[in-house]
Each structure stands twice: as structure tokens, then as C-alpha cells.
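One structure, as C-alpha cells, below. Some questions next.
Chain IDs A, B and C follow the sequence of writing; residue 1 opens each chain.
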Amino acid sequence: MDIVVCVKQIPDVTDAELDVNKDGTGIDTEDLETDINEWDNYAVEDAVRLKEALGGKVTVITLGDEDSEDVLRHALAMGADKAILIDEGGFAFSDALGIAKGLHGVVKDLDFDLLMTGVQSSDEGWGQVGLILAELLGLPYASLVVGVEPGDGQATVLRELENNTQEKVTLPLPAVLTVQTGINVPRYVSIMGIQKVRKIEIKEIDAGDLGLEPDEIGAEGSSVASIRLSLPPVGEGAEILEGSMAQICDKTAQIIRDKGGVA
Amino acid sequence: MGEILILAEHRDSEIRDITFEMLTLANRLGEENNLTVTALFPGYGVSALAGSLKGACDRVLVMEAPELENYNADTYLAVLEGLIRERKPALTVIGHTAQGMDLAPALAIRSGVPLVTDCVDVILKGETMDVQRQIYSGKIQADLVMKPSETYLITLRPGCFPGGSEQGKSADMESLSPPEWTGLRRQFVEYLEAELEDVDITAADILVSVGRGIGKMENIPVVEAFANAIGATLSCSRPVADKEWLPKSRQVGTSGKTVKPKVYIALGISGAFQHQAGMKNADTVIAVNTDPKAPIFNVAHYGIVGEILQVVPELTERFKKE
Amino acid sequence: MIGTPFRTSYWHIEPVWIFYVLAALAVLVFVYGLVTRLSVWLKGVKHQKIPFSREGIRDLVLDGLLGWRIFRGDVAAGTMHLLILWGFLALFVGTVLISADYWLGHFLRGLLYLWYSACLEVAGLMLVAGVAWAMIRRYLQRVPRLERRAEDLLVVLWLLVVGVTGFAVEGGRLAAQRPDWAGWSFAGHWVSFLWPNSNGALSAYPYLWWTHALLSLGFIAYIPFCKLFHVLAAPASIYLHNQPLQVVSVEGRGEEDVFTYRDMVSFDACTRCGRCVEVCPATGAGEPFSPRDFIAWARVNLRAKVDPLNRFGGINDPSDGKALSAGDFKTQRIWHCTTCRACLEVCPVYVSTLDAIRQVRSGVVEAGTEVPTLLSQSLKNLYKYNNPWEATKKKRAKWSGEIEIPDLTKKGEAKDLCYFVGCTTSMDTRAQDLARAFVRILNHGDVDFGTLGKKEPCCGDIARRCGEDGLFEMKMDDCLDLFGKHEICEVVTSSPHCFHSFHNEYPAYQALKDPEERISFRARHYTAFLNELLVKGVLTFDKPLPVKVTYHDPCYLGRHNRIFDVPREIIRAIPGIKLVEMNHNREDSLCCGGGGDRMWQEDMDGDPKMSEIRIWEAAATGADMVITTCPLCLIMLEDARKTAGLEDTLKVMDLNELVLLALGLDRAMDKDEERQEKKISGGG
């Protein structure tokens, strides 16, 4: 089973206090550490597990800057066999379609049974790239995947729905799957592991190699005219709810409903 | 007059909340832009169910076919692509749900419509659209101005708008015939309900977590009743597990489990470091504690300074009334 | 029969060549066994030479020949072992001598022979007595740490029968010959009276001789295949224990490297005496782990992998298998070890379970799929944020609150002393008290010092304990770079763990990287520094502090670095204080349960927990306070105090806090803390 996995490097913002950059188009990443997008990490793990069980090769692809080599090394250390880096030059301010076009340019020439990627990225969270890619490739797909069982020429896939419910569907192969967190427990990647894959060559490609016109990608190709980021109005620490017991409880009940989707 | 099209979402003969939330948004945008609101209701044997949208939109399009009994990306894509091409709605709204997330991206490509996913608010002005999103796990707000387009597609984050079946409208019911099905590849097999016997607190969406502040084991049922009322799973801090008031499997923290629920309600937990490490990634933390200086308030989003035994029963009442 | 006393060899034994064939066969089997064992040893990682070690020779005599470590803590076992060892050795030498006498010319004649005979009598009696005692200890007295496996019985029984038949052969011969000098062979002489006449003895003699000969030869052949192999492996292990720390750089690791040759040797030296089981805190807390089980597991796995004998179906002891069935070592049980070193302290043959476990952990970490979730999270944090606790670098220097501390990473802030606060002490709210107290003491003593502020890296200890050696090396480089950049030569640490890494592990790794270059800074634990201040007279305690305290030895300060007295001296320097000792103290101290990365893992505590066992022991002394000198111990014991319901009667304090109290500076600290608490900072 040959599998292609698309991954992305993201700034780790778990515990970070974020700030918006001067022109409001992005966040200050100076103090932030980078990591593989959490969803993609699950996708790589699942791909490697399928490979370990069924044989085949796993190829990881990312679109990013030079530093994105780190996520590729990370995936290689997890057990991927090949890695391709698409230079992000020209892709700045692309929308999901622009990014998907870049990936498509590489993926369309690869042979694979499954193309996997995370459901979404933890930075902008569009949740689109994998499925657009499926559509560009003309392949069947499933999103929010929490289980994959490859069979003869097809795969049985579990999708995560709301309220502890799952949906079982089948897809003919090749197919595209976007993987939900929790599908597995991604393995720990040790520094020793990273060092061992240091010598694997990473293939580098840029937008020109893919024959993409400048107006197809980047800000020009995007459906978004402009973007302005800001910090949401949230105070420091807990917002202490004040008022009478009844008022406090009313507020709390509302918060629980809003945030938890309690029916 | 142009229209806004929303895709009604339903499962197991129940209309999902997101449907009415989308209608609330659509009605507001419709009013502002002089557009009618149309709800598409695909399914099989759903005419009666579709009728319950009557009070919340101008038009309900019911499309019935055996292939539409359950959601399937292939059939829905065919239906919606055709409809968008034919009716050219100014805006199509789909829920940012397991269904909508699955459907929207491919639909946007197939029908050539610009898509914004996971919107929390939308402003439509003629052929331009501004949308608001939350990114970086809600830490950053993004305001987007879209390039002009005749038609847009968005997915709406659940819970951003109130929903209600009565929105002062009276819809016409229309029935549409399904398109010809070609190229169906994905097949729906079945729904699986998660088994509930074995409690896995890491999988819970809402956790009600109880700490030393509960005082004694006899008080646990008070909290349990609250958890049941809001459909939450009960978890605890280390001292409670240590005292065996709750099983060890319910313990949150470095020596217990790391959880990441949507809502984490910490009751009488002072928030020792080791506990915080296990829960601080929860989307929303609500803490109740008698000590206003308790460190749990550092990681909580909302705090209530008070006695659990006073706050919790009162809070439980709020959910029982429904 | 009158004449010069001498031994008639092969008296009435026909045909002698059969004996020689059998002897050759036995030796062949022995050599084969030996070679297979050695070939396993040679598979061990040996990137370092084995230098000649004078200490090694000394220990070989003390611990090997005299069995010093076996006597320690168990005189009966020591005596028993000494009897067998020396009985066996003397008989072995005696046999060599008599063979030499037979082949090289007869020198064992006359008085010399008589003394020779008498000595062998004593040796034989020692052996039989020792073996009998061993059997009594194991089967009648049923010493709890001893097992009763098939092998255990077979070995002692065999030895006993060899010894007894030896006397029977001698008795038979003496009964048949009745020489004048029979009295010198006193034991055999007594046995000879079992035969009323020489004819009966003569007819029984060949049978006895062959029985004894076959048993002895068989025994020799059996040695490499049973725990008796320790007669060779134990001296090797004892000799090797003084070798410097074995480190292998990540680059230099082979695919299959698991254990060092020293580990391999020590596994064969293990006789399953069970002393480690008695002292292991994890075993003591009822957790599914014991060092002895681990050694058995490691040995079984080694044999499965590299022992050539395994081709013939293996030679595994079935009871080894039993020890393994109680759970999976690789995925779970290896994480129970707190690396407290208690097992190594008592092991007569220096089996370093903790080092071997580290090696196994390293393999698991490298494979990645079975790393405990929380540990994996902590390691990721360590990699990215320089601490295992939180995914942020910003909070590291926040512990100091209102106290202003020079930041050595800023320009113009060069100081003589760098206080290396450490991850846990910087981040954990309870452990932060330690740092604040220490800084107040330093300020009180007008010490010119600074910290590395928020740039302070992790020392790498956490990574090394779990075998994430690449991360350890990385953190070591971070530290060395920073120390080098700011010309830091004197480092004092909060944690014995950081101190241990700096002091013992950095030099070994540095030597590996560049043998020419030395670690350019000196690291000390804060206790050493407090002591220096005390000795210099910088710290003086004016008022008596009438409290009763007990001192908990942190494993990495005490057992690992032999600092037992300094903290006690500091405590005793406080007037009015009464220091009482717990049952387990100094080398024998009980681990708090936080070491070996247990602090950063999912709960695997037994019932009661290690920390509770320890806190109860502290409470039993009637002390008002437990004093410790490690942030991990502080957190663990503080926690245990609460869960054990001792909140009102017992306090847990770091030594710095005690010193601060004795200096009368604790009030100032309380105010500081209030200010700290008022500032509720940080968002969710």
C-alpha cells in the first residue's frame, strides 16, 4: 500500500500568548516554536502503521519554507520513506485552493493507493486543502477519519460525527482521507530517530517546476481580498462572574451551552 | 430577487441545531440585502420533517430519493452543484459540522464558488462579503474581505447564532426531483454509536471535574447530578482519586490523564500545577472555588468564587427546566 | 602399611582412560558453555577500552575472595558463602596439586602430604557445612528473599552430594588401606569406620570413586549453564564496576546496541540472591517490578537474540519465564524504576540494574511507539521549551517574583557564581519556594551571583534518565554553549539531578566528543555551597530553633554522589535543633518515588505509594519536619503528607527553607509570597 501524506509546519501556540504583526496580516512568530500540524502527525502515524502492516512506501510532502524540512525529517523519522518539499515562494497569501494546487502539481504524478492529510491545520484551520486536492485529482474522499481498514480495491473508513457517533463508509481506492486527531497515538520521535534519517535526501520543487502561473496562486489567485488579524477581546486570567447567585448561575449555564453545545 | 441558500442538516429524523442557526444568520443577511432565504432539505421520507422549517425561512426545497436517505458526499455534491449552478444564490450556507466540513471544499471547487469555512460571522454587501473567523485555537480573530463574486459559499461554526424554528416566516414548500446519479463512489454503510460502558474521560466533550473542595464522599452525588444534567462526564483531581471517592481512571493531571474537552468545569479544585498540566488545553474552563486566589483561576476562562454545594445544585436546576 | 605417606592415584580404578575421556568431555562442555557466554558478552557495546584498574583488583580481593559485600547486612549469608567459596577453592587447588603430583613427579610426600590431607579435610568440611547451611537457609529457615526454583535445589544438592561422596571415597580408601597416617585425614578417617573390614570397603571403593568422579565432572560441565557461572562472571563484574561511566554518542550507536558489555557480564553474575528485591522501593510499594525480574527478562531476551545456544532450543530457566509473565517489561515495567540506586548499593556483584534499564528505555524511546503518553509530552516540551512542565519559555524566570536577580545572559552582568535553578524548581509552585529561599540566603550572605534568567536551558537529566540520549546531548550542548558564552565557571544547582548530570555525565560525554577538551565549569549542589558559607562564617545562627527534624536523603545526592554528611552538618549547625534519623537513612534511604522520570509519567503507584511509605517513616520518628534537599523529593513528600493525612502534624521543608527559618528571614519571604499570590497572572 503506497501512501502519500501531506503535512504542514505550524507555529506551536498551545501555551503561547499571541500577538499580531504590524500590518495585521499574521502573528508574531519570533517567540514561537514550530511543530508538525497535530492532525498531520496523526495522518503520518496512520500511514506508517498501514505501511508497517501491509508493506509499501510512504511519501510525505509539504509546502513551506526551508525550515519546513524539520517536519519532513520528523515524518521520515516516524517511518516515512520519501520526502518532497515544495518551496513556498509565490504561495504567500494563497487560499486553500492555491495551496492545494501546489500539492496537486506534485501529487498528480505519484502512484498511490491512499492520500492522507490532517482534517485541518491548527493555525488557520480552513479544513479544505485535503478535500480540494481530492476534487482536483478526481478521487473519492472521506473527511474526519478515525479508522481505516483497507480491503481489496477499497477501504472501509470510519468518520467521526457529532455526539459520540461514527459513520462507516466505503471508498474505492485510490482515495483521499483527511484524518482526525485521536485515530491513533502518534509515536514519539526521538532526536536519535531524527539523526538517523538525516541523510535521506529531500526532493525540492518550486512553483515554476509545477508549471503554475503566478496568478493561480498567492494573493492574486486567492478569493480573499484582504485579511486583518486582531486579538479577540479577552481579559487576563479568569473572568470572574459577578452578581447574585441566580445571575451567576444563569451566566454559567449560558456559557456551558454556548461552549459545549449542550442540547 | 436573489436568495440565500442553506443546506438543512438532519440525522436520524431529527433536525440538527445548526440548521436553525444558519437560518438565523441567513434571515439577518436576507433582510439586510433584500434576499429570500431558501432551505434545501435532501432526504428520503422527510417531507414532514422538512415542514418544521416553515417558520424559519421563505422557501423549503425538499428533495427525496433513496440515495439521499443518509448523507453521502457524492450524492450531496451532485444535488448542490446542480442547484448552485441553476439558482446562483448570492450565498450558500452549510454547517461547519461533520457533514458540512466533508461537503463544502469539494463543492466549492466543483461549482467554482469561493469558499470560507468555519465562519463565526458574515457581512454581505451586494457582491462583496466580509467574514469573521477565529484562528489559532480561538486566540486570534481574523476579519476577511472577500473578492467580489456573484455567489459565495460558507460553512458556519455551530453555536455562533441562536437557533429557533419560529423566525417570523412562513415558507413555501417545494419539492424537487433528484438529479441523475452518476459516478457514485462512496457508500454509506452504517452509523455506530460509541459504547458508553467504559468511561474514557479523554474522549469527553464536557468534563465536570471535582476536587478536594467537595469535602467528603457523600457530596459526590451532587456533582454527579449536575454532570448528568448537562451530559458531561465526571472526572476528578488527584486527592479525590487518592481517597477513592472516584476511580483512578477519572483522574485528570500529570499522574492521571490529560484531557482536552470543549468545556472543563473545575469544582473545588485549587489547580495545583500537576492538575493544570492535565487540563489546561481545554477549550473553555469554568472554575468554581471558594478561594479567589486559587491558581485554577489563572487557567480558567470563567471563574465563580463560591461554595460548590451552593453553586452546583442551583446550576443543575438551570438544565433540568428544559 | 608402613612408609612415606602419599596418595595412591587411581587406586583399583580400571580402566583409567575412561575417566580421561569423560574428563575431557566435561571440560569440552564447560568450555563450550564458557565460549557461548563470552560470545554474548562480546556482543555488548564496547566503545571504550577496559583500562587496568587498581581499584578493580582491590575489590576483586575484598568483594570477590573475601565476600565483603555478602557479609554486609547479612553475616549468616556471608559466612555461608565464604565456607562454600573457600571450601570449593581449596578443593579445586588440592585437586590441581594432586594432579601435578601424579604427572610431574611426586612431591606431595611425607609431612607435606599429611598437612595437605588435613587442609583438604577442612576444605571439604567447609564446603559440606556451607552447602548444608545454604539449604537450611533456603528450605527450612526460608529466608524471604531467597527463591526455591528447581535450579536452586539442583545446584546445592549436587554440591552436597559431590562433597559427601568425596568423603565416602576417602573413607572407603582409608578403610581398605588403613594407613598409619589416617588420623591426618580426620574426616575421612571417621567415615572409614562405616566399614567394619577392609574387604567390604575395597569392593565398594570403585563404585564410590566412579560416582564421585562422574558427579564432579558433570558438575564442572554444568557450571556455565546455571547460576554457578557466577564463579566466573561475578569476579568479572566486580572488576568492571569501577570503570568510568559508559556512554555512547548517539552517532556511534549501532542498530542493535542494547546493553554494554558490563551489563552483559553483570547479568551473568546475578545469582538471584534477592537483596535488590528487598531494597527496591518499587517492589516495596507493591508495584509489578523488581530488579531481579528485570535481570531475568534482560537475560532471556539476550539469549533469545544473541546466545548461540538458543539455536538448540535455548537453555532458559522456566522460572525466568514465570518472572516475565506478570506484565510486559518493555512497554510498562521498565518505567517503574526510579533509578534510586538502592539495588546497586546492596548487590554483592554490582549489577547495575538502573543502567541496564536506561539502555532498554533508550531503545523504547527510539522506537517511539510505546513511550508513555505523558513522558512523550514532557520530552516534547523539553525539546521545544527547555522544560518538561509547560509549553512556554516565558515563565521560567518568573519564580523570583519581586526579588531582583542579576541575569548573567545580559551584558555587563558577569558574576562569580551562576545559580542554575533547574526546570522543576523554576516551574513548580512548591519547588519555587526552594529557589526563593536559597536566593534570600545568598543575598543575606552578600554573595555575588546571578542566574541565566529565562534563557536557562534544561540540563538534560530528564532526557537521559529515560534514554532519550539525543535530547540529552542537545541540552548538554545548550548548557555548555551558554556557560561558555558567558564565561561561567562556578555553577550551583537546586536539584541533585542537575548536579549529577553536570558533575558525572557531562564529563563522560565531553570526553567522547573531544577527548582533548574538559568541562570548563565546576558544578556543586546548593548544600555544598551552604556548607561553604557556614564554614566561612558568612552564615551564623544566633537564635536557637527548638524543633525536631528528620532528614530525607535524595537518591541523587546521597547514593549517587555520596553526599550524606554535609546536609546533616548544616542542620546540626542550627542551635536547638534535634536531628533524628529515619529507619532508612544514608545509603539505605528510601526513594520518594519521583526519580527516574516517574515525575513525568502517568501514575503507576502501588498502594501505599513510595512517597507515603517514606512520609510515614518520617512521621514515626516523631519529628516536626522532614528536611530534604531536592525539588522532586519536596514535591513528592509534600503531596504524600496530604494524602497520608499528616497535614497537621508534619511539615515538609527544603533545607534552604529551614536555614532561612533559622536565620530568622522567613517572615520576609511570606510577604514576598503574598505579593506573588496577589498577582494572578496568565490567561487560559
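Just so it is clear, a contact is a pair of C-beta atoms (placed from the backbone, for glycine too) under 8 Å apart; a residue touches a chain by one contact, two chains touch by 3 or more.
Everything quoted here is computed from the prediction, not taken from an experiment.
A comparison of the A-B and A-C interfaces places the larger number of contacting C-beta pairs at A-B. When chain centres are defined as mean Cα coordinates, C lies farthest from chain A. Remark: chain B and chain C have CA centroids separated by 57 Å (rounded to whole angstrom). Spacing of chain A relative to chain B, judged by their CA centroids, is 21 angstrom.
In this assembly, the C-alpha centroid of chain A lies 47 Å from the C-alpha centroid of chain C. Counting partners per residue, chain B has 280, 285, 297-301 as the residues that reach two or more other chains. Contacts with at least two other chains are made by residues 14-15, 234, 237-238 of chain A. In chain C, the residues that reach two or more other chains under the touch definition are 373, 390, 680-684.
Residues of chain B that touch chain C in their complex: 238-239, 242-243, 248, 251, 254-258, 272-273, 277, 280, 285, 293, 295, 297-301. Here chain A touches chain C in the complex through residues 12, 14-17, 31, 33, 35, 78, 185, 187-195, 234-238, going by the rule given at the top.
Every residue of chain A that touches chain B in the complex is listed here, in rising order: 13-15, 18, 20, 27, 96-97, 119, 122-132, 134-136, 140-144, 156, 158-162, 164-172, 182, 222-232, 234, 237-241, 245-246, 248-253, 255-256, 258-263. Contact residues of chain C toward chain B in the complex are 373-374, 377, 389-390, 427-429, 599-603, 605, 639, 642-643, 677-678, 680-684.
Residues 250-251, 253, 362, 365-369, 371, 373, 376, 379-380, 383-385, 390-394, 468-471, 473-474, 680-684 of chain C are the ones that touch chain A when the two sit in their complex.
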